[in-house]
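Common to both upcoming complexes is chain A, partnered first by chain B, then by chain C.
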Partner chain A sequence: MSVLRPLDKQPGLNTATILLVGTEDALLQQLADSMLKEDCASELKVFSFFSHLARSLPLPSNVNRPRIDLIMFVVNLHSKYSLRNVEESLRHVDATFFLGKVGFLATGAGRESHCSVHRSTVVRLARTYRSPLLFCDPEVDGFRAPVAQRLVRMLQICAGHVPGVSALNLLSLLRSSENPTLEDL
Partner chain B sequence: MEKQPGKQAATEPPDSGAGGGEGEPPQVAGAQAARPEDRLTLLLRLRAQTKQQLLEYKSMVDATEEKTPEQILQDKQIEAKIEDLENEIEEVKVAFEMKKLALDRMQLSTALKKNLEKNNPRTSVLMDNMKHVLKLNKLIMKSHQESWDLEEKLLDVRKKRLQLKQASESKLLEIQTEKNKQKDDLAVMENSDKMKTIQQNLQMEIQITTVIQHVFQNLILGSKANWAEDPAFKEIVLQLEKNLTMI
Partner chain C sequence: MDETLAEFIKRTIMKIPITEMMSILKAWDFLSEKQLQTVNFRQRKESLVQDLVLLCEERRASIHDAALLDIIYTQFHRHQKVWDVFQMSKEPGEDIDLFDMEQFKSSFVKILQRALKNVTVSFRDAEENAIWIRIAWGTQYRKPNQYKPVYVVYYSQTPYAFTSSCPLKSNMPLLGQALTVASNHHKIVKMDLRSRYLDSLKAIVFKQYNRTFETHNSTVPLQDRTLELDIHMDSRIIHENRIEKERVQRVTQETFGDYPQPRLEFAQYKLETKFRSDLNGDILAERKEPLRCLIKFSSPHLLEALKALAPAGIADAPLSPLLTCIPNKGMNYFKIRDK
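Now for the complex of A and B:
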């Protein structure tokens, strides 16, 4: 039973790796492409896992995989299956990952009528795991580029490429904007 | 098993300095003249990165050395503890920023001092700025003083107004009590026994006079004298006709 652990491998020189976990291939592909198009001084490696099995975060241990710096769980608000999938793959991530190296990305919040997962469910999920929650509308082209930029920046910080800012630092910075909702809930 | 189309896309490091990512071969693209400088920047960047990564690993090691509490805490307690720790972190961060700011200010002031000593202090633009600042500060202080005086005056006027209001209130109260007393006295006097006996006497006198009036009237009518001719006589008879209860 493989559990993803941060910092268990040595970091590659000038490389940063992000792992996208979600059920929709096309969306993850698009996100990966737009992230790679971003101007970035260090090498980017994007791993997308299209996990269709709800049991485990499929990580074959025989693959020579570099150290994963950031995990983004992509939840599509239009399907409950993706939420369930993400919840079950969360179990296979080590607890130390959640100190800033995990994020949630919710897509499809633009069309309220199609949403079968309520926004507050995802908000509560992000709150329990104390990780930042981002929203993205993949169909609109204009939204994808800023989200990709944000992801690239987060990845750089989590990989340690930005001197003076660590993943935990970023987490506490991102948290202060969420606090008003925490008091409401 | 699982479908794993893990997609791996590596971007070339931009040696040409323009920021790469399109997959073109930048090394061949003829940035050979600028190569040593780019190599230098690359090395510096890598140095910063490795420093940061080393720091992260060190902090992880320190974190794992700390003892974690063995007892099973409840969710709420854990959350409260987490929030306390986060608040501590924020406070430390803020304190650090303040200290850095103070340090920067001290450095700036010493640099300024040295600069002033070096240059001719009378002609530099800095002195002009400082004089301007001083002038403005004096103006500010003066206007502060003036506004304070005006506020004092306003306060005095308001106090006086309040005093006047209170005085008028007490006066009106006095007037009201006096009026009430008068009314009470009047009522008391009217209900006293003296008034009753006086009224009874008055009634009796009126009745007696009415009877006398009627007697005189009948006397005159019975004597069959012509009282309309003599004006003095007429006046007397008409006066006898007056109803005394109406007075």
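Now for the complex of A and C:
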């Protein structure tokens, strides 16, 4: 069983790689496109990144791929199938990845009547894996750009391109602001 | 022309949208060219309808002319009705008689009139050996109700007939009997197939939906098509599961084919099975009687939606055979029981 490990490869020069895992290919494609657009607009022109889109883990092992700096698991709240897929893929990720290099992205929260996965389920999932949870509705134009910006920023930090901030720093910063709301649930 | 007939003609013409008025009146071919020229088609609809009704009075329209207009309106707006499908069969070993249209029509009318004295039956021939029949039901003592007719489309060279859902359901057995006897069949059975789209029902029942048309897509093999998509994508986006995606595309194409799917709006599954659960000691699993459950899938275009499920990542490919067998079996109502 091939397991993804964070530090088993050498980093590339001035590059970073994000892995998006989710069942709905069109959605992942949209996110990757928005992120690439954000990258062009940012000041750090020397930084470029690759997006790998995968339906589920484990990844095919015969491919030569660069070191993965950030994994985002995308769950569509309208589909229990996508949640189950993410839960199964999580088993193929090494525990050390969860020190800030994994995040969850939940889509479809805006249309409450279509949600078959309750929001608290993904919140609990993110809490179990000690990882940040973002919400996004990619159909709404205004939402896509800010989420893409956050993802690019997280990727920069996880790849070590922002001096003085590491993935673990970011994780503890995000967690302390989330704790009050988690206790309400 | 008496008042009820005038009212019926008025209401029938009122239903017709202005954009279709000319084509429907021409198809009806009851009012002459000269009469139609005297009418101002640009006036308000109420006045236009009044003028047309007066012209019909001049020409002494009968109930049969009005019924014919009703058939033509329904032919133009067939998706406003929900159509059921009936299949007739002959006794094994019976001779195949040559179909005589006139004999069918007179026999059909006779059977209905013998049972209920008051019925209005009208016929209109259509393409592909089809005949449209309109029946307005009355009783021994009451005149036919022209506002609740039932329509039957019978393809004379086949054992299939399509009927619009009848609000007066008690007359359906009589209708079935009349159809069967008049067309020299022995038995009639209602299929578990229902939709608004008559042409799609026809395509399913006559197995005409799986003709691949000669477009350039069908001649290009699958691998070349996926390569075309890749060139347009940014080289910084890498798809890890390309092989899986291609497998899903291939399985979907094998199941559904390249052709446009016939149009259905829903599929309904009635389950009467024992509850199966992975958990031990589940209360529901211990029930002796089967659980009853109804599952209904609806969509503006159900089969295209099912075809898009696996490529969109919402379901695994291959899909359950209960879903993919719908056009092959010609059913969209299923009853599932434990064996």
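Here, the second predicted complex is superposed on the first by the 164 of 185 C-alpha atoms of A that agree within 3 Å, B and C clash if a C-alpha of one lies under 4 Å from a C-alpha of the other, contacts with A are read in each partner's own complex, and residues count from 1 in each chain.
Note that a contact is a pair of C-beta atoms (placed from the backbone, for glycine too) under 8 Å apart; a residue touches a chain by one contact, two chains touch by 3 or more.
Bear in mind that the values here come from a model prediction, so they are computed numbers and not experimental data.
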Contacts of A:Val162 with chain B and chain C, given as first, second, both or neither: first
Partner chain in contact with A:Thr121 - chain B first, chain C second, else both or neither: neither
Contacts of A:Gln30 with chain B and chain C, given as first, second, both or neither: neither
Touching partner for A:Gln149 - first (chain B), second (chain C), both, neither: neither
Greater residue coverage of chain A in the superposed arrangement, chain B or chain C: B
Contacts of A:Tyr81 with chain B and chain C, given as first, second, both or neither: second
First, second, both or neither for A:Arg175, with chain B first and chain C second: first
Residues of chain A contacting chain B in one complex and chain C in the other: 25, 29, 32, 36, 48-53, 60, 63
Sites on chain A touched by chain B in the complex: 7, 11, 13-15, 25, 29, 32, 36-53, 58, 60, 63, 96, 130, 159-164, 166-167, 172, 175
Interface residues, chain B side, partner chain A - complex: 1-14, 19, 21-22, 45-46, 48-53, 55-57, 59-60, 82, 86, 89-90, 93
Interfacial residue positions of chain C with respect to chain A in the complex: 233-234, 236-241, 243-245, 311-316
Chain A residues touching chain C - in the complex, by the definition given at the top: 19, 22-26, 29, 32-33, 36, 48-56, 59-60, 63, 65, 79, 81-82
